[in-house]
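Naming follows writing order (A, B, C, D and E), and every chain is counted from residue 1.
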Amino acid sequence: MARKGSDTSTIVGLVIGVGGLIAGFLLDRGSLLALIGIPALIIIVAGTIGALTISYSLKDVLGIPRLVRQSMRRVPGPSPQLAQQLLEFAEKARRDGILSLEDTVDELEDETLRKGLRLVVDGTESEILMEVLESDLSILEQRKLEEAAIFETAGGFSPTMGIIGTVMGLVLVLGRLGADPKEIGHSIATAFIATLYGIGFANLFWLPISNKLRGQVKMLRLEKELIIVGVRSIQQGESPALVREKVEGFLQEREKRELDQHRTE
Amino acid sequence: MARKGSDTSTIVGLVIGVGGLIAGFLLDRGSLLALIGIPALIIIVAGTIGALTISYSLKDVLGIPRLVRQSMRRVPGPSPQLAQQLLEFAEKARRDGILSLEDTVDELEDETLRKGLRLVVDGTESEILMEVLESDLSILEQRKLEEAAIFETAGGFSPTMGIIGTVMGLVLVLGRLGADPKEIGHSIATAFIATLYGIGFANLFWLPISNKLRGQVKMLRLEKELIIVGVRSIQQGESPALVREKVEGFLQEREKRELDQHRTE
Amino acid sequence: MARKGSDTSTIVGLVIGVGGLIAGFLLDRGSLLALIGIPALIIIVAGTIGALTISYSLKDVLGIPRLVRQSMRRVPGPSPQLAQQLLEFAEKARRDGILSLEDTVDELEDETLRKGLRLVVDGTESEILMEVLESDLSILEQRKLEEAAIFETAGGFSPTMGIIGTVMGLVLVLGRLGADPKEIGHSIATAFIATLYGIGFANLFWLPISNKLRGQVKMLRLEKELIIVGVRSIQQGESPALVREKVEGFLQEREKRELDQHRTE
Amino acid sequence: MARKGSDTSTIVGLVIGVGGLIAGFLLDRGSLLALIGIPALIIIVAGTIGALTISYSLKDVLGIPRLVRQSMRRVPGPSPQLAQQLLEFAEKARRDGILSLEDTVDELEDETLRKGLRLVVDGTESEILMEVLESDLSILEQRKLEEAAIFETAGGFSPTMGIIGTVMGLVLVLGRLGADPKEIGHSIATAFIATLYGIGFANLFWLPISNKLRGQVKMLRLEKELIIVGVRSIQQGESPALVREKVEGFLQEREKRELDQHRTE
Amino acid sequence: MARKGSDTSTIVGLVIGVGGLIAGFLLDRGSLLALIGIPALIIIVAGTIGALTISYSLKDVLGIPRLVRQSMRRVPGPSPQLAQQLLEFAEKARRDGILSLEDTVDELEDETLRKGLRLVVDGTESEILMEVLESDLSILEQRKLEEAAIFETAGGFSPTMGIIGTVMGLVLVLGRLGADPKEIGHSIATAFIATLYGIGFANLFWLPISNKLRGQVKMLRLEKELIIVGVRSIQQGESPALVREKVEGFLQEREKRELDQHRTE
């Protein structure tokens, strides 16, 4: 059901954010080379990945690239198309009986809708039907939220790894005190690179992607709730007018009008 | 229903807050020029917007100006006028039957009230009526809270972008150690401007507006809850005295007296 | 019902807290003059008030002095006197019928008790009665908690305004580097005063008063819940022994004994 | 019911924690005298107590020593002895009728059990019985949690008082800049003592004791819930096998076996 | 039921994390010796353990090694094998009657399944059955979460002990100001080691293991919920198709196919 497509906001956001930081730095007559620190990079990345691996499991950590790609997909939430389809099913079921949906069921793409209608066609009791669908949704949501939580946890570890890197760098510097102040200045600068990377990764990678995944879960839940409301209406044989009132609440103003156009057609 | 008007508190607050900071600085014999930093501004704004774009979507970020304007509108919450209107509907429905409301329904401005009364006139079962109205309200509230959350998220990113800017500035300074102390002092000052902007934007723009939007959602929910309570009372044909007791709980002391005046008139 | 009186703990606490800070400072051979900073004061107070005004509204901010005074009133929570009164009403209603309470109702000071008993005397259905009283209480509680939240929000803004003030002060100092170190030291000290004020106001004014108001809301809720339990018992005509068991749970050990004395009298 | 005794873990923990800090300091060739700072102590203690007095009340603050002693008592939670006693009451009630418990009731030490059984013997309706016991438990729990919250609040104020003390100390130092560096070093060290005390008191006194009290409340709740489950089983006249299954869930593995031994005896 | 095995991710994560930190440090031409600080180690470990002992009890603290080992075990959550077994029980009970399960019950490894089926065989009422199983699960979950909370609490104490250690180190240094700058640099470096250890232990030991234990509790809850759903289906004598729909929701895509293979066999 979900109109899955590409969501370029991750790329756009990275360009704006990282680009802005670099632009500000260059405008301040800084050399980009001064911001490169391989030791700091190793400390931040390995430290964060290590802490994540202990927190979850190697499998979860290896799944991070998949989740990053997932964060770039569009999850549109409850769409007028879905609402329209539920309305049509409700009308058909009311007109021709619930069994008339039997042939359509297996072709449905959305798993919740397919399972829901199959249970309706099989004559499952209303209360049990709701219980099964809501239990499934809540388990699905929990799994998705835990995936988002991996990124949030990483966003918490990353700045502290930055502090660790900086403190280690300062320990190095302080052990060499008395040397040429210019060199010391350079070493302290290098130590601060770790803080920069730690905070930067957290705030332009881990936390924003965690937010994005969480937002996708909310959209997914809303979409599934619309389906559950629709399936129950179909089972109860409610009047098309009432079903319309029910599903409309899931749509935004503009989308409601889109749905209403179908009505007059 | 809502007496929508302008709410000047955002402007007033900005004047007091920013004005106070500047006044304190000038009183300390500081030059305003010393507080201007274009690179810092770019880092803070682009960094925050970038992180927001990854977290939500370009569309959400482009909607920020609309939300800022929205935060300057008055959202008065449950008003005595609304309570009075619900009382009159309840009396009319009790006297002349629910169908007597049919003509009034379509002229109503508030969508919840219109939908609720339409469902009542259509003879919807009480339980389903409540379910539809509360589901609609909870979806509306969720959407509004997510809009406020954008500002709260920005209020979290902004100071960390300030730290990033300052650390980048310090890296610059430290690479030039050994130079004229006066120039170094100036460079460190510039680096701190980023912290200033990061914390300033967060605490005088993002977070206060997030608070304001959240407060508006609470007022909106209370207003909608009053409508839902009223619609149910109308459907149940409850006595005017009881309806009055119910709606009065939503009003503040002063407003209750306003409502009571209508009683004696 | 509430034995309202003065609660001196705000004054006592301020004396202990501020006094202790000053005593420690003087013991360290500091001059009180060194702690006075008008620019810092302006920055902290105007910054915090400005951020609050954007967050809420000018009306809410102007209500802060009223809330400070409110925090100095005693809110005793459920009292044995109230419990005793509910017991007597329950006995009277059981003995002489619910209508025997009609004359007493309008003289009652507590609004919840008055409204509850009036609804009981009017013969309101038990379920609706509970719904009305609990809805009223939850709206009242929400309003009171939002008042306490103003102080908590201020307690969050105040230290960040302190940081802003200090950073602005440091920017000033750094622009003058190379000057007499003694003067520089003095300027840095002045910059730190802002941090001092920011944290001081938060921790000895905003946050403690927010805590106090929150505690008062809890007491108020408990008192109102006792009334609601009592009103329902009166409506149900429950035995005095059972009503006693119910209301006793709201009292503390010592207060229970106070209530039991009335029993034997 | 609770096997109340002494819990030495507070003392042991203080010895380990404070001892470890001092041992590490001495090992670093530090002089204990360097860690003593009377002004800092006054600032931290008076500041924290002052903020607490405003937040709560003088009475609550004066009750802190009592709560510290309370934190050193053992609160064992649901015990096999209690489970066994409930089983015996259930068997007796089933065999000889509920009234057979009448004589035992008044001798019971635990207030919840006494009140519950008295209500059962008095023939209170099952639903009301549960309501009364659960309302009492929730009020008791709320009061206890607020006591623990005093310590948590103190644990939040203490480090900020430490920062205030340190900033005040630095203000002193900076006013004397240009003096003998050795003396300045000493003064800065003294300023840091306040941070040390602030964090130390929070992390080795306030917060751990808050945790302990909270843990005790959880144990208390579990014990009371076991009693409530038991009392209901007694009232319902459930079979001893079923009551055993119910109460066993409250015990830990080892304790279940202890209970099972009583079975075979 | 749980396929218990070893989970190497704790070891792998520690190697990646600690290894990465050390690699970055060495790459920066640091000597590992510079990172060793016995006094700091004593302060962090004893301080954290001390604070934990006051917070919980000596017994809980001594149980930490057992919990670390527990965090290295695999807790697979709801497995297709378990789902399959529940399906078979459901079919058998429907075909041969519930009593046909009597012999199998006592051989079951999982305690919840054993207790649930025993209660079913004993003819326990459905509502009471659910109540007992869910109460047991919620108590079990609470105990497990409190174990995870010990590690989270430690993760909060550890960095503050690091700050205490560093401040104590700085106090030492400042008392010796005026000495050879090289030696002073070395002493400050030593002071920072405490911060390093405090943050390091928190982020590569306490917090990740707390996360891991929490994740295990979630898996355990899901597994137990699957059992509870299954036991109720068995008691209700639901059709195998419906039971399959119910248990499938607990499995992941890949696992569902595994379960479906059993279907066709």
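What to note about this one:
Going forward, a residue touches a chain if its C-beta (ideal position, glycine included) is under 8 Å from a C-beta of that chain, and two chains touch if they have at least 3 such contacts.
Because the structure is predicted, anything quoted here is derived from the model rather than measured.
Identification of common neighbours of chain C and chain D yields an empty set. For the copy pair chain B and chain D, the superposing rotation over Cα atoms measures out at 145 degrees to the nearest 5. In terms of their C-alpha centroids, the spacing between chain C and chain E amounts to 40 Å. Computed from the mean C-alpha positions, the centre of chain B lies at a distance of 24 Å from the centre of chain C.
Shown for chain D are the residues that touch two or more other chains, of which there are none.
Residue ranges of chain B in contact with chain C, taken from their complex: 7-10, 12-21, 23-25, 27-31, 34-35, 159, 181-182, 184-186, 188-189, 192-193, 195-196, 199-200, 202-205, 207-209, 211-212, 215, 218, 222, 229, 241-242, 245-246, 249-250, 252. The part of chain E that touches chain D in the complex is made up of residues 38-43, 45-47, 49-58, 115, 118-119, 122, 124, 128, 132, 135-136, 139-140, 142-143, 146, 153, 157, 160-161, 163-165, 167-178, 190.
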